[in-house]
Amino acid sequence: MKIIIGFIVLFPFIGFLFNGLGRNFWSKTIIATKATSYILVSFVMSIIAFVTVQEQGPITAHYFDFINTASFKIPFDLKVDALSSLFLLVITGVGTLIHLYSTAYMKDEEAPHYARYFAYLNLFVFSMLLLVLGDNYVIMFIGWEGVGLCSYLLIGYWFTNSTYNYAAKKAFIMNRIGDLGFLLAIFWLIVKLGTISYGTVLTAESLAKLSTTDITAITLLLFVGAMGKSAQIPLYTWLPDAMAGPTPVSALIHAATMVTAGIYMITRSNILFSASACTQNVIAIVGISTALLAATIAIKQNDIKKVLAYSTVSQLGYMFLGLGVGAYSGAVFHVITHAFFKALLFLGAGSVIHAMHHEQDIRKMGGLKSKLPITHLTFLIGCIAIAGVPPFSGFFSKDEILAAAFAKNPIYWGLGVIGAAMTAFYMFRLYATTFLGQFRGTPDQEHHLHESPFAMTLPLILLAVASAIAGAIGVPELMGGHHWLSHQLVPIVGEAHEAALSHSTEWALMGISVAIAVTALLIAVYRYKRQADGEPQTALGKFFYNKWYVDELYNKAIVQPLNQFAGFLKNVVEKNIIDGAVNGTGKLVQYGARQIRLLQSGQVGYYILLMVLSIVLLFIIWFNDIAILRLLFKLTHKS
Amino acid sequence: MSTLEILFYALSAFAVISAIMVLVSKNPIHSVLWLILVFFAISGHYILLNAQFLAIVNIIVYAGAIMVLFLFVIMLMNVKVDNEPQKKLLIKFIGVLSGGSLLTLLIAVVKQTTQLQGKQVLMKDGTIGLIHPLGKALFSDYVLPFEISSVLFLSAMVGAVIIGKK
Amino acid sequence: MPIQYYIFLCLTLFSIGVTGVLTRRNAIIVFMCIELMLNAVNLLLVAFSKMYHGAALQTIPGTTAGIDAQIFVFFIMVVAAAEVSVGLAIIVMMFRNTHSVDINFLNRLKN
Amino acid sequence: MLLLSFLFIPILAAILLLLVKKDQYANTIAIGAGVLTLMGAIYLTINKTESFDAQWLAMLNSRFTLKADGLAKILILLTAISFPAIFIATQKNKVAQKNTFLALLLFTQAGLMGVFLAADALLFYFFWELALIPVYFLCSIWGGEKRIAITFKFFIYTFLGSLFMLIGIILMYINTTDHSFAIESFKHVQFAGGMQATVFALFFIAFAIKMPIFPLHTWQPDAYEQSPTAVTMVLSAVMVKMGLYGVVRWLMPLYPAAFLAHAHIITILSVIGILYASFIAIRQDDLKRLIAYSSIAHIGLMNAALFAKMQVGVQGVLTQLFSHGINVLGLWIIADIIEQQTGTRSMKALGGLAKKQPTLTILLVGFAFANIALPLTNAFVGEFLMFNGLFQFNPWMAAAAGVSVVLAAIYTLNMVQKVAYGEISTAVNTMQAPNKNAQAVLIVLLVIVFFTGIYPQPLFNLTADTLQQLFVK
Amino acid sequence: MNAIIIAAFMGVVMMFSSWLTTSAKLQRNIGLVGMLLLIAANFLQMNGAYSINLDTKDMLVFNKIGLFANAILFILTFIYLWINGEEIGKIGNHTADFYAIFFFILCGISVITSFNNLLMLFIGIEILSIPLYILTGSDKKNLFSNEASLKYFLMGSFSTGILLLGIAFIYGATGSFHLSAPVINTITNRVTEQLLMSAGLILLFVALNFKVSAAPFHFWTPDVYDGAPTVFTSFMATIVKAAGFVAFIRVFESQRDALSFSWFIILPFVIVCTLLIGNITAVFQRSVKRMLSYSSIAQAGFMLFALYGRSLFNNEAILLYIVAYSVATIGLFAVLVKMKDYSFDSFNGLAKQYPGLAFVTTIFLFSLAGIPLTAGFFAKYLMLSALLTAGAGIWLLIVAILFAAVSVFYYFKLVQAMYFKTGEPAIQELDNKYQYKLWVLAIILIVLGIFPNLLFNYLYF
């Protein structure tokens, strides 16, 4: 088993090396097949791993000691348990589909870059797997930074375009800020517990070792890390920009997997988080506000990918709300369902863009329903799923979170429902403007419109099926299901405690949210099936359209001041003060030379005069020697 | 007040005054002559101290040889009375000031030295100043310095030759 | 006669010599003033010698204590003579090249 | 005997170079010597600790004592790797009087080896200076246009520092019971009153200038910018380690009390230095200056971790001594290739390297990631441990220093973006065929980077004994 | 004793050798042979093989340090004459006379390295000084030379006056000229009892500071060294100055107790002044010769450290310093002699034209600056440790090294000129023989820089 787990991680890495080193040698087909097959293999192995975990519980595999010093050690251990096995399936599964999709989507690239693309993609899968499989926080951190790196590389994949590079840089740096928090949390753990393995950290006794402040601090720092990775306020602005990358990348990294790393991490260390009410509230508040903020922005965006990006941010907000209110299994549930339908949506968008020759503005689309039937259908399923219409998957996961939120605090629930409504609205606005009505693009675009090849549609179909039925894994008892998932996760998150609500309330809540969502949905379709909306008129509209001016704010409030500060250091402090002091000494010496050498006037009489005077001086010194000695003593022994 | 004291004071006053005259007299020739007088006064003191040999040597070597040499040189250069440029008054003042301060410092030292309190100088008695004991000492105990000083003379001679030869 | 008187006298002469060196510009006069300083020292030495001689005589009759100072004076005179010969030679050489003995003109070398 | 060879192989090679005036042999001789020492170093690292001892200055009771413990070994290895790497990488560069140039470099190598091996204070001081003098000539003769003044500043700066150290050494010497310079007898000195603090300060000034620590750092960027790149490589890859080495070898074991007493102020200074240098690096347009400032930041972190004096942190430093050397060496080689081929160091003028020379770009990006201590690069191991130690010492300082992680990302990625990405600029367009030697060297270095990043254990084992001596009473 | 007699004798021989032969070369060789004779004689006395025993009436005491100093100074003189022989000949047509004067000076030197009586000190110093006035002025047509010699003469004889007053005071206090005379050393009644003695010592101190050109009594040095013919400057700046230091140590080793702790104020005062003025002023000079004369002042400041403490170690230290300093300075002046003009710029590009010469010059400069692997480093090192062992305050050492760093500043200006600046060096044609001689000096410096023991082992024969 150890071998298999090892290979789950290793295969994508091999793929990376294969494509990375051989990028000038292989033909595109070889590259594509290799890359995809490696992921496929590790998917298969993940299934094996999953099954074994089902049978014989968690497996820990020790390979070597990453760091082993006299004072402490970090073993390189991988662990498969209920949680990580689930993520394994999602990552490798969705990963495989997206690789498959990419083979077609990226085929216009010439071979070396094609190889580069797949190498990055494999590397990403590798790091992601490391992230979820690691048995301690350091290994997780390695994966954590690894995925950040890959997202950087993939966003900046088209490196000649400088705006893309900026987006990539922004993503990486914002992630780095989060990572710093994560890192400090790790140090804190090491200082307090001397170990960072889950097996020892996430236990009652080590919890007992930690004071409340410790726990709060650690969890908050961890959450900072999660903010960076999972694009929560205030570190979310990178995700929309990250859409600069190729669409499959957005699907895989910025929708399905990487951005959910934060949720994984928090779920993983739920014991700590549950122990700190303060942190939980923070998470819940941040989560819900992110959800709403992103939703409002999404309503006004006209770039198909931007809309999806903001919807991702908003959905992530939901998941954090879930974490905040302690519905860990709900959050994970939503992660899984979201992975399916958001990947689906992105890929669908990709196929649209592909058909439109890299046109992303939905105002220039419309009426694609007939042109791209499969894409349209699958996209529609995705929209319904995300809108939370039963019995599609999104409904179950979202509802579980909302129910838990209500149990915690009705306000959360209320806001959540509003968010859900907005979600439904903007998704169907997107759907309607893109697929309904008649085509608004240029004639030759219209002429070239065509359904995407099989390699692209197959993933769409599979994902559509998945997002349609994935809800099945978490059907609540209420509906006669037995909620397989939460049972699955018991060893990780303990018994799910949603029994707080009476069945009637639950039904009521469900009804309300669904009703609201559906109405919003219908309004959107009705409003946008004829025409797209033009420039925003109302102030609020402008405000949303410009993303609350957050980017501008950051730029003005943080980036520019820091830049000026750096400039001040470089041009003023360094040049004039510090180096000035050094050069000043040299100048001083030369000045002194110029002065002292005037003593040497060349007049012999003057010399003798000076000599006589110095004799007198010597005598005076000699007379007052005691006083002088005392003075010297003071001077030397003061310090 | 014994004759000795009178003589002492007289000679001292004479010496000091003529020494000052050496400084103030514009004409170098006069300076030389005043200096000779100083030497005479000092020789007088030697005699008071019954150091007759030194008194004679002082007259012969200094007043006789050295000063005459000076005189020759001055005449050879025939420096005019008026053409010796004077230093600025300030410089002179400073010079006098520092000389004076040196004097005061040294006198202060001497006055404070208890060691010398009440020590008397033996006037006119004591035979060490006479030629006989001096000669004995010079050629017994001090023969080595005496010989070595010949080296000094040789070098001075050679030097004079090097410098003087055209 | 107390020793202090002699010391004061000699110091006075010495300081006059110093002052002369400081105030005069004629190299020869300056040199003469230096000779004056030497003479002051000579007298001082002789006075000291007699002081010690007298002190010694009280205990040991016929001692030659203090004679060394007088011998020293003798050597000083010797050396002074040699010095003068060289010094005047230099001054004359100087005078040959620049028709002056004014030490204030000796300022080609400075700084 | 083996230890002696580290001194004599370079010196003899240097003399040979000076005798053989032919430039075509120059490279071969230098590289040969370098490789020879490298083999020796590898043999040394594999085997147990060696030491050599001989009579030297009877009257001062100073002996010619060389010792190689873990600390020395790892730095010897670094030196031995760096020099051949530099020789090979800069082989193609046009240099007047190549043989003299290489000879001086070899002298420097001998000096460095001596510094790392000497177990006798006076000997240590000797090599300390011996390592400096050739550099002075190298920079002043072959440097940039402002070379003379800049190098002079650098020289006097460091020379003054070493003089302070000299006083410290004398103070120690006269206080030793057996009047010897041996580090062992230094350990047994009984200090009176504030003596320890004084000596500590005297030593530290020398080391701080060498590292350099804010605010004594101003000589460094200028010197790096002005000196020929081969020398810059030596300076930043190996020479700055002299200061840290000195701290570990002399300050830490000899003056524990003063060390603790000054720990806070020095760590604070270092942390300020880290942030300061990082901020300035953000605004640099000159490639070499950027690397210089980033190096200042890294060294500052190492120093802070040292003075935090937590076992973990010190372990980190010991590994980072090696790692930082390798990484910065790689960066310099790349910078050199770029400057040699495009004739400019201004990042504004560069760009589009990725299109023009993909391989070089990959290497650049690789080293850039090592520079920002990405996991699975060697720097991550070191920095993780160092931050860890610093955190144990004082969480706030660790947090403050941690900001540099972000800043490092900012300036490094800026550099990568400006140099590698975007459309091909005119300057880059002039680049000829990639420099194969240099790239080979870079690949080797990159392999080291990732190997020690994924499996750092060898480095830990190497330095275990030093750590033992420092921390186990 | 041997040395004194042989020196005097050789002086006379040289005087007459100008009658025996007119060939300057022969005269030179006679002189060198004489030097060898002198050295040999001194060595004989050193290891007690043979020495002419006169009853010096305790006026001279020949101890190890003194004889060793003799040996060193004689050897230095030999080297000096060996290198600069031709150059000396070029000044007037007095080769023989100059050599005679050198021997007389050496006679004086061997007196002041062994005197035990202030009378001998006085005579010795005079034998040293008077010929120097002449050497300074020996370039008769040269106004600078004349001026220098007159200045030197006036100030020199003035300082003689000071010296004599000091001696007189000491005699007044102790009633004897012997150094071994018991000094009433009681700090308690220092104020009353000892004043005259102390005053005398201070005056003596002043006079000797003048001789070794320590600030603030250094004023003659730059002008005289600058004005004098370069060959003679080199002699004055090295051997004579060194002799002055030996005398200095001899006096104050035994006598300074009378000053009790005022010594530790007066001496540092002078040291700091010397270091300050010497180094700082040297920075500004444009003429290498003048820079060297200031640097010689600065070096004197370092040598004064040896007087702070009082031990055999200090004496060894100063002897090594003398060697290191003198060899380097002689070498530099020997290079300077060959330059057409003495400005720094005239050295530009020397390394291109005469790499060997440039290299040895660099070694000399390194040694003066105290860079390791040259004798100068150990010299400075020993001085510093002498200061520390004597218990001086750290502040004094800090000052010292700060100025040492300053000294690097002006020494390396020359290095920069030779190596890093391009230009046509204003240098006369050099024959290899001359360069080889310089190489010998350089090698001495390096060997002593790596094995200073070689010198010191002789101290313990």
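Every chain is named by a letter (A, B, C, D and E) in the order it is written, and numbering of its residues begins at 1.
FYI, a contact is a pair of C-beta atoms (placed from the backbone, for glycine too) under 8 Å apart; a residue touches a chain by one contact, two chains touch by 3 or more.
Remember, predicted model here, so these are calculated numbers, not experimental data.
**Student:** What is the touch distance from chain A to chain C, in steps?
**Tutor:** 1
**Student:** Can you name the chains that touch chain A as well as chain D?
**Tutor:** Expected: E.
**Student:** Taking each chain's centre as the average of its Cα atoms, which chain lies closest to the overall Cα centroid?
**Tutor:** Taking the mean of C-alpha atoms per chain, the most central one is D.
**Student:** Please give the pair of chains with the highest number of C-beta contact pairs.
**Tutor:** Greatest count of contact pairs is found between chains B-C.
**Student:** With chain centres set to the mean of the C-alpha atoms, which chain is at the far end from chain A?
**Tutor:** Centroid comparison gives B as the farthest chain from chain A.
**Student:** As a quick test, compute the distance in whole Å between the mean CA positions of chain C and chain E.
**Tutor:** Computed from C-alpha means, the inter-chain centre distance equals 27 Å.
**Student:** At what distance in angstrom does the C-alpha mean of chain D lie from that of chain C?
**Tutor:** Their C-alpha centroids are separated by 67 Å.
**Student:** CA centre of chain B versus CA centre of chain E: separation in Å?
**Tutor:** 32
**Student:** Distance from the CA centroid of chain B to that of chain C, rounded to the nearest Å?
**Tutor:** 5
**Student:** Would you give the residues of chain E that are in contact with at least 2 other chains, written as numbers and ranges?
**Tutor:** Residues 119, 123, 126, 130, 133-134, 137, 140, 150-151, 154, 158, 172, 199, 222-223, 284, 394, 409 of chain E each touch two or more of the other chains.
**Student:** Give me the residue numbers in chain C that touch at least two other chains, ranges are fine.
**Tutor:** Those would be 3, 7, 14, 17-18, 21-22, 25, 30-31, 51, 65-66, 68, 71, 75, 79, 82-83, 86, 90-91, 93, 103-104, 106, 108-111.
**Student:** Enumerate the residues of chain A that touch no fewer than two other chains.
**Tutor:** Answer for chain A, listing residues that touch two or more other chains: 586, 597, 600, 602, 604-605, 608-609, 612, 615, 619.
**Student:** Okay, what are all the chain pairs that touch?
**Tutor:** A-B, A-C, A-D, A-E, B-C, B-E, C-E, D-E
**Student:** Name, in rising order, each residue of chain B that touches chain E in their complex.
**Tutor:** Against chain E, the touching part of chain B is residues 106, 109-110, 112-116, 141-142, 144-145, 148-149, 151-152, 154-156, 158-159, 161-163.
**Student:** Can you check the complex and tell me which residues of chain C touch chain B?
**Tutor:** 1-9, 11-20, 22-26, 28-29, 31-33, 35-36, 39, 42-43, 46-47, 49-51, 53-55, 57, 64-68, 70-71, 73-75, 77-86, 88-93, 95, 101-102, 104
**Student:** With touch defined as at the start, can you tell me which chain E residues reach chain B in the complex?
**Tutor:** Touch list, chain E to chain B: 4, 8, 11-12, 15, 54, 56-57, 59-60, 92, 94, 97-98, 100-101, 104-105, 107-108, 111, 119-120, 123, 126-127, 130-131, 133-134, 137-138, 140, 172-173, 189, 191-196, 199.
**Student:** Over in the complex, which chain C residues touch chain A? Could you list them?
**Tutor:** Residue positions touching the partner: 18, 21-22, 25, 30, 103-104, 106-111.
**Student:** Considering only the defined contacts, which chain A positions touch chain D in the complex?
**Tutor:** It comes out as residues 64-72, 112, 138, 141-142, 145-146, 149, 152, 156, 159-160, 162, 165-166, 169, 172-173, 176-177, 179-180, 183-184, 187-188, 190-191, 562-563, 565-567, 569-570, 573-574, 578-579, 582-583, 586, 639.
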